[in-house]
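Per-chain residue numbering starts at 1, and chain names A, B, C and D are given in the order in which the chains are listed.
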Amino acid sequence: MVIIMSPHATGQDIAAVIERIESAGLKVHLSRGEERTIIGAIGDVRKLDPESLQVLPSVERVVRILHPFKLASRDFSPESTVVNVKGIPVGSRSIVVAAGPCSVENRDMMMQTASIVARANGTMLRGGAFKPRTSPYAFQGLGLEGLKILREAADAFDLPVVTEVLSPEQVDLVSRYADVLQIGTRNMQNFALLHAVGKSGMPVLLKRGMMSSIEEWLQAAEYILSEGNPNVILCERGIRTFETATRNTLDLSAVPVVKKLSHLPVWVDPSHGTGRWDIVTPMAKAAIAAGADGLLIEVHPAPERALSDGPQSLKPAVFEDLMRELQSLALALGREIYPRRRTSEAKSNASEAKSNESSE
Amino acid sequence: MVIIMSPHATGQDIAAVIERIESAGLKVHLSRGEERTIIGAIGDVRKLDPESLQVLPSVERVVRILHPFKLASRDFSPESTVVNVKGIPVGSRSIVVAAGPCSVENRDMMMQTASIVARANGTMLRGGAFKPRTSPYAFQGLGLEGLKILREAADAFDLPVVTEVLSPEQVDLVSRYADVLQIGTRNMQNFALLHAVGKSGMPVLLKRGMMSSIEEWLQAAEYILSEGNPNVILCERGIRTFETATRNTLDLSAVPVVKKLSHLPVWVDPSHGTGRWDIVTPMAKAAIAAGADGLLIEVHPAPERALSDGPQSLKPAVFEDLMRELQSLALALGREIYPRRRTSEAKSNASEAKSNESSE
Amino acid sequence: MVIIMSPHATGQDIAAVIERIESAGLKVHLSRGEERTIIGAIGDVRKLDPESLQVLPSVERVVRILHPFKLASRDFSPESTVVNVKGIPVGSRSIVVAAGPCSVENRDMMMQTASIVARANGTMLRGGAFKPRTSPYAFQGLGLEGLKILREAADAFDLPVVTEVLSPEQVDLVSRYADVLQIGTRNMQNFALLHAVGKSGMPVLLKRGMMSSIEEWLQAAEYILSEGNPNVILCERGIRTFETATRNTLDLSAVPVVKKLSHLPVWVDPSHGTGRWDIVTPMAKAAIAAGADGLLIEVHPAPERALSDGPQSLKPAVFEDLMRELQSLALALGREIYPRRRTSEAKSNASEAKSNESSE
Amino acid sequence: MVIIMSPHATGQDIAAVIERIESAGLKVHLSRGEERTIIGAIGDVRKLDPESLQVLPSVERVVRILHPFKLASRDFSPESTVVNVKGIPVGSRSIVVAAGPCSVENRDMMMQTASIVARANGTMLRGGAFKPRTSPYAFQGLGLEGLKILREAADAFDLPVVTEVLSPEQVDLVSRYADVLQIGTRNMQNFALLHAVGKSGMPVLLKRGMMSSIEEWLQAAEYILSEGNPNVILCERGIRTFETATRNTLDLSAVPVVKKLSHLPVWVDPSHGTGRWDIVTPMAKAAIAAGADGLLIEVHPAPERALSDGPQSLKPAVFEDLMRELQSLALALGREIYPRRRTSEAKSNASEAKSNESSE
């Protein structure tokens, strides 16, 4: 941290800053210029709140040098993190696609959707059982019933489950049915929830707050990581801007920016990011080209009957086309779409391993 | 709701829209023009999700006519709501000022602050015991200990307490110490929390999400109201924009806009709204001139030693000057700053009434 | 300017930075810490582009200390500037109100409006002859004809004229009819136009770009000032945000922020700032309470027939009420609304002075 | 246009709306419901300002059905426009890349840059001679001298020239040296300039305003088109949001959105769109994947010595790598990067054609 004193700073003003820095256990590096004095704070400056310096007399400006996160930072963990979701390596050369409806609506549509996703080489099944809805009068999800349906449909097609958790009390319940806990955009700074999913140790899909800077997003990840849970996947899903042609503005530059700042895998959700099914395909491709490790895509057997987010949900045939096109695109970029059969192989290997274990 | 069909809409397309509307229990009003057909949905259209119509074939556009909230709407409750906080009428001609530190830091500073607030004719005491912090490494508040200190300091000066609650599980605990439950900007769409404070029946100070539209804010209020809790106070605290000279952009136009749309009282928080103590005074005045019913202001006996939000906290003397200036301003606007003695009178009356009751 | 070198910076990297600074005629202040070296550039750093340093090898961050404007800065001219508009002191204790229609539509409506403005104690007459319109098919103003009408109406009621100029070629023409040249929000960074009005020496009303930071706004002012024209009045008129309940978000905190940074007078335009006549009154009051030196308000004899901006234009009676209310508000704030008679007195004094001169 | 009357609308209110519509030469389509009357305006509603209806008594809401542009609309010109720039088809299956420095600085660096661009298969040469700079003290470009250098360098390598024009008076001069006139983001609504480049008939690269909606952008294009100039190329270059990790937020979803709304070619400028050279490569790829017809990229022989925008300029080697990678990406997407030799062939054909003509 660098503290720039005003030209009128007295010796006492400077002493006060030094004292504050030292009392936080940091060392001081003083540099007296002709016009002004500049004070550096050296050590683990994360212990020192820049605000507490900014209000001291004659302090003109406080400049943070380090990023305000550590466990999430690539500086401290240069190697990219690969999160293991039931044997699927998220954050590797293989790009994963989690697809499914916005909400779990009933058993039938979930079985249908799971079959579509699996057949098109989707990697995971998504679907909301607990839905965050702007209006208290909108469909709020099927709750536990929804979790059960989701699990059943996913298991029938050997797909891991991604689903949202809305409050700390739900974490245990949802963890029994899900493979990845999704934190929605509105909850990115629900710190009690971050603590709870951190403690769960489960893979977490942390969506970017629609009003959150990249730096705040990585600090939200830091909440989870600092509970000892390294399994964090980030997901860009559009930020709020003045433009109304799209529901949100998908900030794809967040992908390379985060890749530089952090070792965590990054997904993109072009469905919520645009709110329009008719541009999901080009934006999904753009996400891959920008370097995303995965996609979260809303697919519905009949979007016109969806209980939520129909306008942004792909019809099965559009989703199938997209998956085909993504595969050639990934290859051109030196990557691939994660091939489903590997999951099954991994699984059967795993179950063999398990039966070996149990037979011993 | 008005559904505008495209010029190419077939009879079947139109029939599908009609069916959807009628299946939601609404009546249809059809208007066939030369070029296009326009379909009106009549009845309680809140039961009908505009999205579900938008995806039907040949639907060009769906236009909502009614606001998506009802209990919060002035259309349905023309009279302004006055929320009673320990005898203090919030939303009346009298403007209230809740002041205090960002965080409760220790007993001493809270006693000092309460004394400053009371002496300067502040109406309530604010202070955070559970703090939502962007970084997991920042001071997170004293928790229960903080609640106790806050209550003690407030009682010593006969001030009601406003304090934040961060998660559903905390609602009971915090309700034992607070008179108003504050929902922070990051939790405006934490729906589990909205349900919980709704059920509590306590007065709720609902801050606007920093990236939430006014319409979303009133729907968040609707969550609380629809749990049967009418005691909702809204608080504008700045929204996020491109401007960095201030921490947020205080949207004072939200005050008259909300006053027209809703019957609920509206406060303004110029401290978080600007992030700069040096412009809190003009913005507090502007808030009153725009029609606010109350102010939430951060005051600290020694901002340079504050554990959070020092740069935006007023020193005692500045706060005292502000309170004096607000009084003349309020009078010029045909209002007044709520006079503290009335609280005491109300209290002693109330306690007399109580002792009468108990003596019977 | 402070340049923070990375921990890996070599002696050569540091030398390169030093050389760049010195070649701009500045002095270097070097401070070698244990971990990193910090380099200060001392002198008129406005000559040194921070970008040119940022790209040098091993430069971690470049921190500007000074604001990027000088003539507009209060640091260099502590005294508030008072711009003289035909004897009216803009930026003094007296608050001025420029009012009139969005567009000059015809002679009749302008005479009517001028009479309304004068009777209600408005200080100046506004009206657009050259209109910036989003659509090429919208009414583009009456041009020269409009200027003539505007001048005639203003003279009939002894009001100075504020009107917009859209391009450098128009500056001479418009200057012949106007007392204040308005630069619209879309032209705040039309640098050719800024040069032209700078050269004209005329009072300039510089609206804030709807997408411009306060710092950019003051740099736009610097363009005009650096042409030798000190007569710059700033005007906040709303910025673009995600909120759609209002046409723009009126950033009233810009008023005290600019007052601290700059010596220039600041006005507020609550008409374009909100886009809604029904909240112009509270926002005009809030502007005054925030410290504005003037208001720009759209008034139309019959807003429902206006050729532009009818929805945000006040009816005459509403404007009259507003002016009355502003007067008591201003007094409570230790200011006043500029009293029209003084203009006339000033004028007659001025004309006496002139006739004296000419008679000599 | 659909006008929704309030439930309390009187017959007189309805008559007033009808009269206004008919007086604009449009037909009325009336639909009286039980609760409210809905009025449709049929015909060329672009002649009718929605605002003028919105202020009429008892009008609750006015809903525009058509887009406010016509010549720019794909509805009226379904076929994609291909703009011919010296024989290069912009908006075809072939993707073009215009590259070069932010500013033309001197002859040497321009010759070098042109050579780099040509060798790497770039399609056109960009460079600013008249620079729009936020500060009056920043380098403002070499002006005419810069135009000459730019032309010479471009001709030496057979590249068309893209360069910015800042004001109407410059249009003639710049047109003598340029093949494409660039309108900068700050001038998107400089209507006098739009008129001037419209009249010139030259190919125009119209950058999106950093705070302009897509609808406003297409209306700006309409200004140029309605002057009879069909040669408009749109360029997304980032919009302003709250995020500060990038200079702007590159809105890639604008590409497919505009492609649906309009027949005009769309380019993307990832240099200004991000402000960071280190993420230009992924964002350039993402732009192509999103469907862009061209790229505008800042390249500088020595970014650390650039007089403007060094931090976002690619070094030659990075640019060469990018061009190679774009080629395989384009092929995977069923497109290609425009091959330079075709330009030369086209040219030699054209010059043959010309010499034939002249010899006749």
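As a convention for this text, contacts are C-beta pairs under 8 Å (C-beta built on N, C-alpha and C of every residue); 3 or more make two chains touch, one makes a residue touch a chain.
Not measured: the values here are computed from a predicted model.
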Pair in B-D, B-C or A-B that repeats A-D, with over half of contact pairs matching by residue number: B-C
Centroid comparison with chain D (C-alpha atoms), farthest chain: B
Chain B and chain C: spacing of chain centres that average the CA atoms, whole Å: 33
Cα-centroid distance, chain C relative to chain D, in whole angstrom: 29
Geometric centre distance via CA averages, chain C-chain A, whole Å: 43
Residue list for chain D, restricted to those that touch at least two other chains: 211, 240-242, 244
Graph class of chain-chain contacts, one of line, ring, star, complete, other: complete
Chain C residues touching chain A - in the complex, by the definition given at the top: 2, 4, 27, 29, 31, 33-36, 38, 40, 42, 60-61, 63, 65, 240-242, 244
Residue ranges of chain D in contact with chain C within the complex: 46-47, 49, 51-52, 54-57, 68-69, 132-139, 166-170, 186-187, 189-193, 209-211, 216, 219, 222-223, 226, 240, 303-311
Sites on chain B touched by chain C in the complex: 211, 213-215, 239, 241-246, 249-257, 260, 273-274, 276, 278-279, 282-283, 285-291, 328-329, 331-333
